[in-house]
Amino acid sequence: MNIKNIGISFLILFGFWLLLNGTFSTPVIVTGLIVSLIIPMWFCARCDVFADMRLTPKAFFYTFIYLFVFGFELVKSNLDVTRRVISPKLPINPGIVKVKTKLKSKMARLILANSITLTPGTFTLAIEKKYLYVHWIDVQDKDVEAATKDIVQKFEKYLEVIYG
Amino acid sequence: MLRNSLILLVLLGFAAAVFPLVHSYEAKDTLTGVAEHYANYGKEEVGAANLVSAVVVTYRGFDTLGEVTILFLASAVIGLFLKVSETHTKDSRSVFFKSTEILVTASRLLVPMIMLLGAYIFINGHLTPGGGFQGGAVIASAFALLLLSRPQKQFSHKLISVIESISGITFVFIGLLGILLAGGFLDNHIFAMGKFGTLLSAGAIPIIYILIGLKVGSELTGIVRNLKESQKVG
Amino acid sequence: MQLFSIEYISLVVGFLILLIGIWGILTRKNILKMVIGFSLFDTGTHIIIVALGYVRNKTAPILDQANLQTNTAQKIVDPVPQALVLTAIVIGLGVTALMLVYAMKLHNEKKTLNIEKYNDLKW
Amino acid sequence: METLKIIGAVITLMGSIALLLGALGLVRMPDLYNRIQTGTKASTFGTMLTLFGLVFIFPGWTGKLIILILFVGISNPVSSHVLARNAYRAGVPLTGKTTVDRLAEDMEKKNVEPKNDAQ
Amino acid sequence: MILLLITIVLGVVMLIAALIAVYNKDMKTAIIAAGLTSLFASVLYVLLAAPDVALTEASIGSGLTTLIFFYVYNKIRRNNAQE
Amino acid sequence: MVNTILTISVVLILLSILLSLYRFIKGPNTADRVIAFDVMTIASIGLIGLIAYFDNRIVYLDVAVVYGLLSFIGVIVVAKFLEKSL
């Protein structure tokens, strides 16, 4: 697992380096290879962030679908914010609900929490084992199962495929 | 009340002393004096695209040496002070709480990236804004993020001081090499100058900036680490 | 002299922040507040020095474009004050950290941060 | 070419409108948690859009702008999550309009790590 | 012209932040306000065509200084609570 | 045309900074001030991007990258301080 972890970190850091530099001359590439090899070997020797990422074609395909769904939700959430902020009566009905997630992988849970934070009317307040506590600006379901269906499942079905 | 009005008087005196400086300020149209020389000949003499780096590392290299020394002294004095105050570390209870899982994962993802950003800033110090000091500060921020997200984590003081000493010694050694091989202390012509505006140019400036970056980074990390160690209830 | 120009406004703002910083150092009784005043003083001084090196309608002293590499002195701002301020900011951090650690030690000894309680050497 | 630049400029304008709405929400909302809701969403999206608009105007800047967009997109939700969680545990009150608070119920039942008042 | 407007607004914000830093009774607010002054100073340096100084101020003046202030203040608060 | 539109967006960003400053001054407790601080830094990133457009220099974007990173750390420091777990 360790080799896979360091490998993925290396690829991400190397891409990051090339984007930062913006040129592809030989010295830039050689320096980038050295730097982006040293840093994961030093810091990611034991960490397991990328360990359960799946590298199958299906996972890549689902990543693209996920990005698309996420972008759509992002735009929708901002229209929602606009509507709430501009209307003079402030139509809010806030509350903290509890939802359930099946994801085990740490990276997937991070992405899920970030996605919930950026989508319409919700943000992650706390995360404890398999439950997430979500602050919802307009509570529609107080029940755990129903709220899970509303908030989590549209992301979870893609993340389940990408990460184990 | 008397005291406050006295202070106000002092302040007014100070303002009156500095006011002519602001008031008689004349906007300039071109550079004059030494700045004009740096601007016109810096490209040939030093070969660094970033003229501020040229001034910091080569034209005024001694200032930089003094600055690194001052920072080293400050770091050492802070370490000494905080060490003496930890008289009973044995029975002191650690009160660090676990961070939220999201922060731990995010720090695992972001710390290598911030490290790479710091490395980019000091490796490209002669081409883009930034240099050793900024890169070192960014690396120290990465370590600070590591300490904030996982307060229980210990990292060795020895490694920090070894990196700091080695880079400091090499910095002075390269400076002395300048006397032997080129025009003077910290002269950057000891390596080939390369093509202007590429990564391998400006002679020794990239090497000196990498050394300064490592040294400043380890000094600031040492300060942050010492302060974090002092948070124990003792 | 043009009143409404970037460098003049920056000069005035830096000067006022410097005065606010000195006022804070002289009037506040809490030691941490005095350190905050010192850091404001630092910021104000740096703004003044950088604003003095600014030349109107000129660009940053980084020659990454081909048109900047000839006749450079007519196209860039003064690099020397920037280099000096760069040094000063880093030293300012060292000094601020040192002062804060002193404050911590003083609080350990006397259990107070009020400057008026520290009258051991008063005569 | 000129059309592409105008498209980029309009995207940037939309981003800054989103930023303005976020700041307006910051002023108008009744309690901290609702402020974080509007503030984080609108400011993250607004900055991402502002920078994305610049991609159309200067195609040569794409690398750095993509890094900035990714960085803002990862770090800003995390920091607001940490802030909200820690403020909740430090006892910042919810607004009176709140209908349900499952987290407080679970803290009572000790399902969740209780509030931190150890010193 | 628009750069001049940015300068004026930033100057006003910085002066207000500096006054908060000196006059606010709450120490946490004062420290954050001092950080805010540094942060906008760094935008001002970008306007004054000094990206090097802006980088230094953003990373050192506002980042590390705030961190060190909060570590020290936290230690002092703990010592006070122990009494 | 492009210049005019981008000038309007600079004005809007400045307005949002001033609105957040209002929340910073008024904010009943520290957490409100921190979220105002966060919005101001994020808005400043966009502002630096636009200044880079008006001066036509890519090198200013490096400042924005470092800016993005440091607002993150600052917010986390204050948050951990509020929870008394620094």
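To keep things simple, chains are lettered A, B, C, D, E and F as they appear, and every chain counts its residues starting from 1.
The criterion applied here is as follows: a residue touches a chain if its C-beta (ideal position, glycine included) is under 8 Å from a C-beta of that chain, and two chains touch if they have at least 3 such contacts.
Given the structure is predicted, the values throughout are model-derived calculations rather than measurements.
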Fill in: Co-neighbours of chain F and chain C - touch as defined
B, E
Discussion item. Comparing the two chain pairs, does C-E have more C-beta contacts than B-E, or is it the other way round?
Written reply: C-E
Fill in: Chain located farthest away, centre of chain A as origin (C-alpha)
C
Worksheet entry | Distance between the centres, which are taken as Cα means, of chain E and chain D, whole angstrom | 21
Worksheet item: Distance-wise, how many Å sit between the C-alpha centres of chain B and chain F, to the nearest whole number?
Response: 24
Worksheet item: Just curious, how far off is chain B from chain A if you go by their C-alpha centres, in Å?
Response: 34
Worksheet item: Listing for chain D: what residues touch at least two other chains?
Response: 22, 24, 36, 40, 44, 60, 64, 67, 71, 74-75, 78, 80-82, 85, 116, 118-119
Worksheet item: Where does chain E touch two or more other chains at once, residue-wise?
Response: 3, 47, 49, 51-52, 54-56, 59-60, 63-64, 67-68, 71-75, 78, 82
Discussion item. Where in chain B do residues touch at least two different other chains?
Written reply: 50, 52, 95, 97, 99-100, 102-103, 106, 109-110, 113, 117, 121, 128-131, 133-134, 137-138, 141, 144, 220, 223, 227, 230-231
Fill in: chain B - residues contacting chain C, complex
4, 7, 10-11, 14-15, 18, 22, 25-31, 34-36, 38-40, 42-43, 49-52, 54-56, 60, 63-64, 67, 70-71, 73-75, 77-78, 81-82, 85, 127-129, 131, 133, 137, 196-197, 216, 220, 223, 227, 230
Discussion item. Applying the document's contact rule, which stretches of chain B touch chain F when the two form their complex?
Written reply: 95-97, 99, 103, 110, 114, 117, 121, 128-130, 134, 138, 141, 144-145, 148-149, 151, 231
Discussion item. Under the definition above, what is the set of chain F residues touching chain D in their complex?
Written reply: 1-2, 5-6, 8-10, 12-13, 15-17, 19-20, 22-23, 29, 31-32, 34-36, 38-39, 42-43, 45-46, 49-50, 52-53, 58, 61-62, 64-65, 68-69, 71-72, 75-76, 78-80, 82-85
Item to complete: Under the touch definition given earlier, write down the residues of chain C that touch chain E in their complex.
Response: 4-7, 9-10, 12-13, 16-17, 20-21, 23-24, 28, 30, 32-33, 35-37, 39-40, 43, 46-47, 50-51, 53-54, 58-62, 76-77, 82-83, 85-86, 89-90, 92-93, 96-97, 100-101, 103-104, 107-108, 111, 113
Fill in: Touch list for chain C against partner chain B, complex
1-2, 5, 7-8, 11-12, 15, 18-19, 22-23, 26-27, 52, 55-56, 60-64, 69, 72-74, 76, 78-80, 82-84, 86-87, 90-91, 93-95, 97-98, 101-102, 104-105, 108
